[in-house]
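There's a structure below that I have some questions on.
Chain naming follows the written order as A, B and C, and within any one chain the residues start at number 1.
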Amino acid sequence: MSFFHRHRGLTPYLLLAPGTAFLAVFFVVPLGFLAYQSLESGNIDFGYAFTWSWSNYGNAFRDYHAQFVRSLEYAGIATLLALVISYPVAYWIAFRGGRWKNLLLLFIVAPFFVTYLIRTLAWETILSDNGFVVHALQHLHALGSGGRLLATSTAVVTGITYNFLPFMALPLYVSLEQIDHSLIEAAEDLYASKLHAFLRVTLPLSLPGVVAGTLLTFIPAAGDFINAQLLGSPENHMIGNVIQSKFLELTDYPAAAAMSFILMAGILVAVAVYARAVGTEQLTGTAV
Amino acid sequence: MTDQLTRRELLQRAAAGSAALTLPGLLAACGGSSKAGAGSTVSHKLAKTLHFSNWTLYIDTNNKTHSHPSLVEFQKKYGVHVDYVEDINDNASFFGKIQGALSRGQSVSRDIIVLTDNDRYLSLMIKKGWAEKLDKSAIPNMKNLVDVQKHPNFDPNRDYSLPWQSGMTGIAYNDTLTEPVLSVAELLENPKLKGKVTCLNSMGDALTCVMLANGDDPTKVTDKSFNAAFNRIKRAVDSKQIRQFTGNDYAPLLARGDLAAAMSWSGDIAQIGNKHIHWNVPKDGGALWTDNMLIPNGGNIYTASVYMNYVYDPKVQGLMEAGDPKRNITGIYYIPPVVGAGAWAKKYDPTVAKNPLIFPTKKMLDSVKIFDAKALNNQKYLTQWQNLISA
Amino acid sequence: MSSIAVDQQAGRRPAAAALAFVRRHILTVYSVLFFAYLLLPIAVVVVFSFNNPTGKFNYTWQGFTWDNWHYWDGVPGIRSAIILSLEIALVASLVATALGTLIALALVRYGFRGRATTNILIFLPLSTPEIVLGASLLTLFLNVAWVPFGFWTILIAHIMFCISFAVVTVKARLVGFDRHLEEAAMDLGANEWTTFQKVTLPLTAPAILAALLLCFAISIDDFVVTYFNSGSQVTFPLFVWGAARIGAPPQVNVIGTAIFVVAVAAMLGNVILQRRREVRA
């Protein structure tokens, strides 16, 4: 392995090479096609031509900024909810899971084995207007007497949260499981209460997991369309739905492409702001 | 994704290797060229395999042997194996998937596909020359096509397409939750149904029904009639009368009582298994939609045509339609386009032949209309519609 | 252990004992509730796999039957669909996790030119809407047509969007990794490869396993990108979407339940095996 000692500078590139080469061919090149398309104009009847049509971007933003904002909003709320809901469980599995850890992790991703449509149909059954959940909520006056849960923004956000829970829980677990318990014990030996030890030792050490989970949840959730389509009314639709309809029904490929880039830019900006807030080392890792 | 080969694309193809370039050559050799000119002779040789893409659960099925009896019989009779793939579940997404290849003049490796006529894609495929002309000399049974389907506005001489099955769009309601909902006016404006009603997200279906309720003609759409129908639906959305726009995902909501009524397709209701759910053609008329078989560019014209001929035999169609409970065969249960299929269907399963959703009465057939294909491709209308259902 | 200290204190004050009990178990109670919430739809799916619907729709309970389990592949196409999905999910998750782990190592451990670019390259696939991602990849396959449509194109697509998930998940572990352990190993004479094998890898294993699980789940559930790049092949999600148009048959529930049960059984078997090993040791 002395080869690597001498060629230390080469090692990172060798590690990166297979994965990034794969992505370069099968992601960056398609993205290039997409970029090219976003500057085209035309229609399905007479074809499309490259015309440096920057107006695609302007129009997209002008016409659909409401959906852009709504998407970031729904994704943000869903991410926060997922974080709050998953953190205690990830902690529990990491610290108390023992030999059952892997099994519990499996349970977290288990819903994905039954395909999205089936588990959403199951939720529709559970949250049905005539189901016990809605009745209970009406009883508790959390819902009006004619109220419903389906086809509302609540349903959409809940759907997104539920479907992205594993993306938050698993990275959290990964980071929590690594924490050296002797650090926590040391804190407690120094008369910190359990809560204090958690806040000053565990939480900061789990921050890489929090960051990872947040990214893996927020970023794809912002582009989601299916939850809004099945669980929402037209006023709950997200930018993913608009892009979908531009592409499929309106065959307006340039518009769909331009919107996708605007969405990606918006997400990257949000991520950059987030990175600033948590400190970039959490995001990119320190090179020791 | 331009239609004509740009120089850049040509260079890319050349650089990529001979594979891409020889594809059209291979196809020409197989007798189905990518852009068959009018008058080119079609080889009368059957291919070994017929690649047939269809919607899911849209053909007769033997549940014990997992096979499709009509396809098995076809193979026995003609020696052609049918590679039957159920990968179409939505016109828009299927078109989105194949348009990339078709716009580049490439084959999509399918001989027959099935698209619906009240969506823009069927007429679009024909308009853009992405569908092959049928070999009518191989389809003498075309004479069995029902009259109402003989001259549709998107294919006046039936040069490119033949119906597979038809269905109707109307209103379904749950009798435990509401009085009978028999008209579009009730669906959209009865305050007792507020928030418990859905409309279809398909422009062709929704507008046909509403235009008829407005007294307009959906087969010849004008800006005025479009706006009248559009605004009527929009009012129902703004007043929260309409809860959601759906594809066929209204079915579970209806079955569970989350909806009192829904604009819906006839076949689904026959299968919903809940005797409290009733389906009717609306008082002022409903929509007739037909899934049509097409041969996409690169498909084997002769073999596909022979298959279509086979399917238009009333005896075959009768079995496909009704199934055969004695042999554990489930039928399609939509409206067959073949004259005489009814008589055969009655032989196989008498109950099915009496089902008006599969063999509609003349009164029903007279009151359902096919939407104007030109309007389906009107970008202005489409954009307005999409903005409504995806506010 | 600190809990002893707590217990000692609790012994002196019964109220504190009660509080300590609650605090001890509230996390467990919460977690149980969480899993109940998470798996509630699965329960519904399992129950409805025994449903005997009169029509084609499986939405309301109509009677119990074993038939669906007996004729689990009674719906043509369902068997090949699930087998294809499982094959692809397995291979894609393994490859994506392997490639992703390498990238994560590079990103966390080394300073090099292009770190920021690499990070952006990892985030971009996550942020690209599926429909344009699928369509653009299809454009690639059409323009440079040397990949046969079907298994290979789907596999490539799945690896492509799973790599990012693997990278971010493994990175979360590596960021907090204690390098002193590796340094200690090397001080004790291990070379880099042995250190990697005996120290780094085992300590990173939980993250790699988590990445594998995540990638597997994503792959087996993907619809949009798969649809565009599947040629004429049908994966399980594609099958379900198609079937749902007419009414997803109960066999779909059967298969979902079966996968879940098999996976749980495999994990349980692993746990039991480990226990035996520990007892013997």
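In this text, contacts are C-beta pairs under 8 Å (C-beta built on N, C-alpha and C of every residue); 3 or more make two chains touch, one makes a residue touch a chain.
Note that this is a predicted model, so its numbers are computed, not measured.
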Query: Which neighbours do subunit B and subunit C have in common?
result: A
Message: Using the stated contact rule, I'd like to know whether A-B or A-C comes out ahead in C-beta pair count.
response: A-C
Query: For subunit A, which other chain has the most distant CA centre?
result: B
Message: Centroid from C-alpha atoms only, then distance subunit A to subunit B, rounded to Å. What do you get?
response: 36
- request: Let me have the rounded angstrom distance from the C-alpha centre of subunit A over to the C-alpha centre of subunit C, please.
  value: 15
- prompt: Which residues belonging to subunit A are in contact with no fewer than two other chains?
  reply: 37, 121, 125, 247-248, 253
Field: Contacts with two or more other chains, residues of subunit C listed in rising order
entry: 59, 131, 135, 139, 143, 241, 244
Field: Overlap residues in subunit B, where contacts from two or more other chains coincide
entry: 1, 93, 96, 249, 252, 256
Query: Residues of subunit C touching subunit A in their complex?
result: 1-2, 5-6, 23, 27-28, 30-31, 34-35, 38-42, 44-45, 48, 59, 99-100, 102-103, 105-112, 115-116, 118-121, 123-133, 135-137, 139-140, 143, 156-157, 159-160, 163, 165, 167-179, 191-193, 203, 206-207, 209-210, 213-214, 216-218, 220-221, 223, 236-237, 240-241, 244, 248, 252-253, 256-257, 259-260, 263-264, 267-268, 270-271, 274-275
Query: If you look only at subunit B, which of its residues touch subunit A in the complex?
result: 1-4, 92-93, 95-96, 99, 103, 124, 127-128, 195, 237, 243-245, 249, 252-253, 256-258, 377, 379, 382-383, 386, 388-391
- line: Counting only contacts in the complex, subunit A reaches subunit B at residues 37, 40, 42-50, 121, 124-125, 128-130, 146, 148, 150-151, 230, 232-235, 237, 241-242, 245-251, 253
Message: List the residues on subunit B that touch subunit C in their complex, please.
response: 1, 9, 12-13, 16-17, 19-20, 23, 51, 53, 55-58, 61, 63-64, 66-68, 83, 85-90, 93, 96-97, 100-101, 104, 106, 109-110, 247-249, 251-252, 255-256, 267-268, 270-274
Residue ranges of subunit C in contact with subunit B within the complex: 53-57, 59-60, 62, 71, 73-77, 131, 135, 138-139, 142-146, 149, 227-228, 230-234, 238-239, 241-247
